[in-house]
Amino acid sequence: MLVNDWKEFLIPYEQAVEELKIKFKSMRKQYRSKKEYSPIEFVTGRVKEVSSILEKAKKLDIPLNKIAEEMEDIAGIRIMCQFVEDIYKVVQLIRQRDGKDLKIVYEKDYVKNKKDSGYRSYHVIIKYPVQTADGEVEILAEIQIRTLAMNFWATVEHSLNYKYKQSIPTEIKERLKRAAELAFLLDEEMSEIKEEIIEAQKMFEEKSGI
Amino acid sequence: MLVNDWKEFLIPYEQAVEELKIKFKSMRKQYRSKKEYSPIEFVTGRVKEVSSILEKAKKLDIPLNKIAEEMEDIAGIRIMCQFVEDIYKVVQLIRQRDGKDLKIVYEKDYVKNKKDSGYRSYHVIIKYPVQTADGEVEILAEIQIRTLAMNFWATVEHSLNYKYKQSIPTEIKERLKRAAELAFLLDEEMSEIKEEIIEAQKMFEEKSGI
Amino acid sequence: MLVNDWKEFLIPYEQAVEELKIKFKSMRKQYRSKKEYSPIEFVTGRVKEVSSILEKAKKLDIPLNKIAEEMEDIAGIRIMCQFVEDIYKVVQLIRQRDGKDLKIVYEKDYVKNKKDSGYRSYHVIIKYPVQTADGEVEILAEIQIRTLAMNFWATVEHSLNYKYKQSIPTEIKERLKRAAELAFLLDEEMSEIKEEIIEAQKMFEEKSGI
Amino acid sequence: MLVNDWKEFLIPYEQAVEELKIKFKSMRKQYRSKKEYSPIEFVTGRVKEVSSILEKAKKLDIPLNKIAEEMEDIAGIRIMCQFVEDIYKVVQLIRQRDGKDLKIVYEKDYVKNKKDSGYRSYHVIIKYPVQTADGEVEILAEIQIRTLAMNFWATVEHSLNYKYKQSIPTEIKERLKRAAELAFLLDEEMSEIKEEIIEAQKMFEEKSGI
């Protein structure tokens, strides 16, 4: 594809990312304005760069004319949560929309089943309709849902992978795993506190007879 | 309604405005990236301010609990075009989406049937579904489509109305009408040139045998 | 220059456009929040596309290594006003900042001295300091200040120039000039009304002894 | 102060936050476009809400007419880094600008000297000039620089403090401290890996004789 073809090809993906970012950010605002706890802490999004699309296509042996159907993360949305439990609430919010403004293709729970590398995240692959001047186009998008600790670890791993071009030395790999465990413990500790908060609040409300 | 209730009430409208702005701006990008002429020159949007909602509700005798159903322009999108003809192309683009991401409630053609004041614009009232944490909400939104000259005139008239609180002195009203006529002539002149462009281009293509 | 060099070269320009857009938009908000009339109606900005930079460099015989010093409109800000008089108020606001966050290089008043083509606008060429990782960079930027009618006409002329590659046929050129005159009359008519508004308001205030 | 006075009072703060966000985000883009490692991972900003300003003024006994001079975090910028070492590089970048587009008032290194609660972050309090319609205004702003792990922990602590209105029960406080230690270990582990990366890269370059 020529530069201009790529530009045109990516337009519905850019549109999808912009729309989805606004949609999930707005959910957060809703909780806030109701003075309720928001399971969404913040939202980011990006369209994969052309060089990364080409690299991935080569690695996974996807012919260029199959990219739209087979590459699921050209449009990527990332939703960050404070607690592990919030991840599942966000998944629930997405499932509610299934068949409305998006369609769920499949889900992958790397939180309960973490990858060997230590990677944890919940992925939801969706189909998302975008209206263009030539009619409706349905594109694939990947929504990643993670705690801040999972995101922290994944960001560092990603930049190491980028530097080492996917072949991180064994020793560093081991250290990364230990770091992933620390991140996991941090999430556990935080979830533990979360329970206590809820209990403490209940106790308080009962005592004061609210 | 209290301040916080208004805040919550307006959230789906703000979301709709953000989504629709991105959707129409993206159409413009598409035409550009295909090196085609875009009938959309630029797009703006706004949510009506609470004070203006209250004023309008009072003027039109709309009870507060009927505002969502009866006030059509709480969410407002404005699409500016270069030529009068482009307005109808944009209307066509919106009709294409009818039943997809939006529903057309009705249309009003103040371009062919201008208001007494001199106001010209094409209005499309739509229903637009917004996904919230509590499920889908369908809101009303008004899309105004105008040439730059129509917009120029309407902006000035609006600010005069604001200053005179709807009762512009007769003499100024007359001058405003004359200005509206000049704006109309300007659009006519421009459309005339548009035809010539198309003719000139055809001539050129025939002569050079493309 | 290679694609990546251009990307890097344009970063301070993009930053300047973003900063200046926010700065002038914020002025508008200030007037509004004080319930005062804002001479600024709206603000847009853009960085010139690489293809247009190259075209202009060729046309004006600017060598590539002199582009930063000699091409004044790589970073462009456009401020739209409702009335011709507002243009000079905005110029005044810019002059107030001279030596603070920007430096005025020169001004060109195409409002009082319109171009042969019919083009009217006030141009202020500034130097604007941008902080980068390698220290401060001072770039050139062009601020265009116009009424909505001037902008309307200029937008149409620009698109015709684009289509005809700078050589608009004489007949169409004549029609464009007539359109420019209509736009001029429209501005005159509006300014006339503006005077009346101010007079009417004064009369009202005197009568009611405010 | 009335609602409208607050709105007006906060305008230069909003402007400062927007400008500073763009300025630091642009630094990140610069590193990326040069294919260099960016010490800035991402940037957020916010203006303190009126209710929080009032609460803090009451707590710290700041009279309302001294808020602009004495409250340092009405405008807040947060810069997130991947590694602890990056924090000091970002501080260096800010010091470079001292006397240019901002003035450093003072710095507080809660990274080397963490708070009793476990809080770690580097704070730089600056004076930032904002151009308004009435001339230049200099406002105070707080820049917080942290690793992602520090930010993760601080975000959770903040939400607990919000829930418990500053009086977190001792047991939970203890657990929070343990979590802070885990976050600290995570940062240590990551810094350790960072050193190894640099060493590994050097070894590689020597071996291959680049």
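As written, the chain order gives the labels A, B, C and D, with residue 1 at the start of each chain.
Here, a contact is a pair of C-beta atoms (placed from the backbone, for glycine too) under 8 Å apart; a residue touches a chain by one contact, two chains touch by 3 or more.
These numbers come from a predicted model, not from an experiment.
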Residue-number overlap at the chain A/chain D interface, same or different (half cut): same
Where chain A and chain D are represented by their mean Cα positions, the distance between them in whole Å: 24
Between chain C and chain D, centroid-to-centroid distance (C-alpha), Å: 36
Geometric centre distance via CA averages, chain C-chain A, whole Å: 41
Listing of all chain pairs that touch each other, if any do: A-B, A-D, B-C, C-D
Residues of chain B that touch chain C when the two form their complex: 41-42, 44, 82, 147-149, 151-153, 155-156, 159-160, 163, 169, 171-172, 175-176, 178-179, 182-183, 185-186, 189-190, 192-193, 196-197, 200-201
Contacting residues of chain D [partner chain C, same complex]: 4, 7-8, 11, 14-15, 18-19, 22-23, 26-27, 29-31, 33-34, 93, 96-97, 100-101, 129, 131-133, 135-136
